[in-house]
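Each structure below is given as structure tokens.
The same chain A turns up in both complexes below, where it pairs with chain B and then with chain C.
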Partner chain A sequence: MALEVEKKSSINRREFFSYLSIGFIALSASVGGVLSLIFRYLYPNVVFEPAMDFNAGRPEAYDTGVDERWKKIYGVWIFKSDGKFVAMSNICTHLGCVPTWLSAERKFKCPCHGSGFYPNGINFEGPAPRPLERYKVFLDATGNAIVDKTRVFRYEKGEWSNPDSYISV
Partner chain B sequence: MADNESFVEKVSKTQVWKSIFRHGPPNNARNRAAVVAGNVFLHLHPIKLKKSGVQLGYTWCMGGLTFFIFLALTVTGILLMFYYRPTAEYAYNDIIALREHVPLGIMRELHRWGAHAMVITVWIHMFRVFMTGSYKPPREFNWGVGVILLVLTMLLSFTGYLLPWDQLAIWAITVGSNMAKATPFLGNGGPGAAFAKIGDFALVSDKNDVRFQLLGGRFVGEAALLRFYILHCVFIPVVVAVLIAVHFWRVRKDGGISAPL
Partner chain C sequence: MKAIINYLSDPVFSFTGIIFFFFLGIKHIEVVASKKFATIALILILIIFGWMSLDPVFLSIVIWPDNVPIIFLLALVIWSTWFAIHKGVINDQRMAAGEPPVEGTPENREKVWAWPNLVYTELFAIIAGTVFLIAWSILLKSPLEEPANPTWAPNPAKAPWYFLGLQEMLVYFDPWIAGVTLPVLIVVGLIAIPYIDTNPKGNGYYSFKDRKFAITSFLFGWLLLWIFLIIIGTFLRGPNWTFYGPFEFWDAHKVVAANNINLSEIFWIKFLNMPLPKNIFAREFLGLILVAIYYTFVPVFITRKFGQKFLITMGKARYYFLIFLVLTMMSLPLKMYLRWFINLKYIVFMPEFELNI
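Let's turn to the complex of A and B:
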């Protein structure tokens, strides 16, 4: 007579492995879920930074040339010339420092690596590869200029002729 | 108990001593092995070394020096944390105070010099490992661990650079973190980002790319300072400590310190 092997466990090998697979998938899913939650956690929902758009007041109230009043808060230079009112980014196009407006020399000069820009934002010296970027400007219903920094206009892409990039004054 | 027993002999027979050191004096091979094997700090180290392993001309002790400097930086770093507050309001003044008002005003300099020294020694260590061919099988995995440790050392340097919160720090990190902007698909100025658009709406912009995640904002501000502080003081050091343990363990398991196999 062959030996009768008594069944000791209530589950067999096949069932054990199917439970194991379910457990493994559940564990992987929960670890993956927690990791993606942590990834999402590191993106703040609210940042305490200046708004991306602001009311710059009436364009006709500005003098011709470069105006620095919004530089410190919003990082924007207003440049008014040849009947156009534009808002310029104050971020150097080389590596992202903030140039200084040298009114005596009529140019922007970046302290980090010496890039220079004309008052209209065109680069002429130093390592900066392209002109300063311009932001969207438009007049609201009351005639105030609104600067919208979420929309950028680049000279090298021919975007400075886009009517959203300036206000005619 | 004989009267002519020395003080050391008496102490080494007390219950307190025996409870700490469960082996006899290290005057034979067995006890010397027990000293290393029975100590949590020493047991990562091999019990026996080849003679070539302690030849300074061969290893330059650069890995050991790097580890020593890492420990020194941990100690000085923890001491600095007692006085430094990572906020835009206090950070710069606290760094000045560490030099001007706090006793042992050299503490911050020790940390800074140590940081420079660790970067130098870790490179020389890598150079030595390369020149002695110690990256070859079976040590190629440990070379990989070492490369990760090198990168983490650089990241420790980079994150620590922001903490003084002076103009040099802010603009250096601005320039450095702009590199994250050029990450393919994940940075708003990188290749691929221009195509990730729905109509006029950019999927990868300056408010959801990797640079934003790294800095916790659009520019190097207070959120970035806090993030770099946490990365510098907690996150990266913990990862480095774990990898150092793996690195040392594998040195031992892969045939000892740099001897020809």
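Let's turn to the complex of A and C:
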């Protein structure tokens, strides 16, 4: 008798598994929902991602010295001197701040920890351990200089003599 | 007068001076802990601070909303440090006279209930803190700036006030050292304090004499290598992260000769008058040896001179870990002085491995 009552009040094996599967589906759905939200969150609505390469115009049109015209858009300084046309990264090699070009002092100076660079990008003061990086530049068929930021040339690795890192003008 | 203060606030002088006054104060701790000294110091600080605030340049730094919490912080740090030392010295004097510390007297050993005694105090503190934060946020608008732009940085670009000490450390070190290694060691060292410091004295009561070394070394790291660096970062660092006196106009075109060179360049080019060797280990051997000496022979030397007592009471593992932490802490002022006096950039300079010390 007692056994029968107990059997009626509790759920049987089949019901238990159907409840379990409902619960498991609900759990997976909620975890999946949260994960998809997190995944969506990783892709912001507005992305500041300028193109990795751009047309910098004719190298002959630039004056000798540092040119800031692409800095605001692409984060690139053009430096022209000694017959070489190079594109420099505007990221400090110490901790990644954005240095300022001080035209009166003729140097780049980082506002975060005071690193200083010569116009050609060589570090000379403050804690920056290495010179500013240079980007690949090349002439396209029409004679315009194309800056390709996906290829980086580092001075301490001896890459500045690589013909891809400058345009002879 | 202002020109003199501007000149003396250069960290070469101000840091040296504050180290001197720190150890002077530790030596004459009874004087520092007296109420008379505190009153005179408070009046002097208020007068000097009031006088300095009359200067428009200094005032503009002080009332900049970012910097207001730093003023609170400084007042709180000075007050709580002094108060703890004051209580400690009173206990030291009592114990020297054979009495128990204040905390051990019968009337202070009386026990009370957490409810309502503690909970009411906490409730009041919560309400007062909330009121204070609301009033503060109404009175001082947060200094919002323009939307972030990855190709532009404000000048000077200052970290939040609690990280200004870290930012100041980064001026003297490679980011891997000052941004990763040293902060990790600071945290590890703070966690390790209860395991290193097995001195049972000073438990449950304030004391200075019983824990002289522990308190001095902690206060050295805290007051001089963190708080003072925050002060430098707040008041004395302007555009391009250049030093400016407290009354000096933040002229972005101030020229400071700071041609920093590495130890390898000093050794090979200046001293031996020859080009840098191609092999990086040959190039950096002097710096590597110096760093190795700093962490091997200096501990041995310190142990010979002062450390025998500690070595016996603490055991080898604890003792050498403590020495390692203290030496690492002292590397910061060491590197700062090397930078100021011989424009040294890195002792070991191996950008090939991102290893610069």
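Note that the second predicted complex is superposed on the first by the 121 of 169 C-alpha atoms of A that agree within 3 Å, B and C clash if a C-alpha of one lies under 4 Å from a C-alpha of the other, contacts with A are read in each partner's own complex, and residues count from 1 in each chain.
The rule is simple: a contact is a pair of C-beta atoms (placed from the backbone, for glycine too) under 8 Å apart; a residue touches a chain by one contact, two chains touch by 3 or more.
Please read these numbers as outputs of a predicted model, since none were measured by experiment.
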- Task: Considering only touches as defined above, state whether A:43 meets chain B (first), chain C (second), both or neither.
- Result: first
- Message: By the touch definition at the top of the document, which applies to A:100: first (chain B), second (chain C), both, or neither?
- Response: second
Now for A:57: first (chain B), second (chain C), both, or neither, which partner does it touch? neither
Winner on chain A touched-residue count between chain B and chain C: chain C
- Query: Looking at the overlay, does A:73 come into contact with chain B only (first), chain C only (second), both, or neither?
  - Reply: second
Q.
One more residue to check, A:127. First (chain B), second (chain C), both or neither?
A. second
For A:119 in the superposed arrangement: first (chain B), second (chain C), both or neither? neither
Overlap of the chain B and chain C interfaces on chain A comprises residues 48, 95, 97, 111-112
So, in the complex, the side of chain A touching chain B is made of residues 42-44, 47-49, 95-97, 111-112, 150
Note: in the complex, chain B contacts chain A through residues 171, 174-175, 178, 205, 207-208, 212-213, 216-219, 221-223
Chain A contacts chain C in the complex at 48, 71-75, 90, 94-95, 97-100, 102, 104-105, 109-114, 116, 124-127, 129-130, 156-157
Per the touch rule, the chain C residues reaching chain A in their complex are 149-157, 167, 170-175, 179, 239-242, 252-253, 255, 258-260, 345-346, 349, 351-352, 356
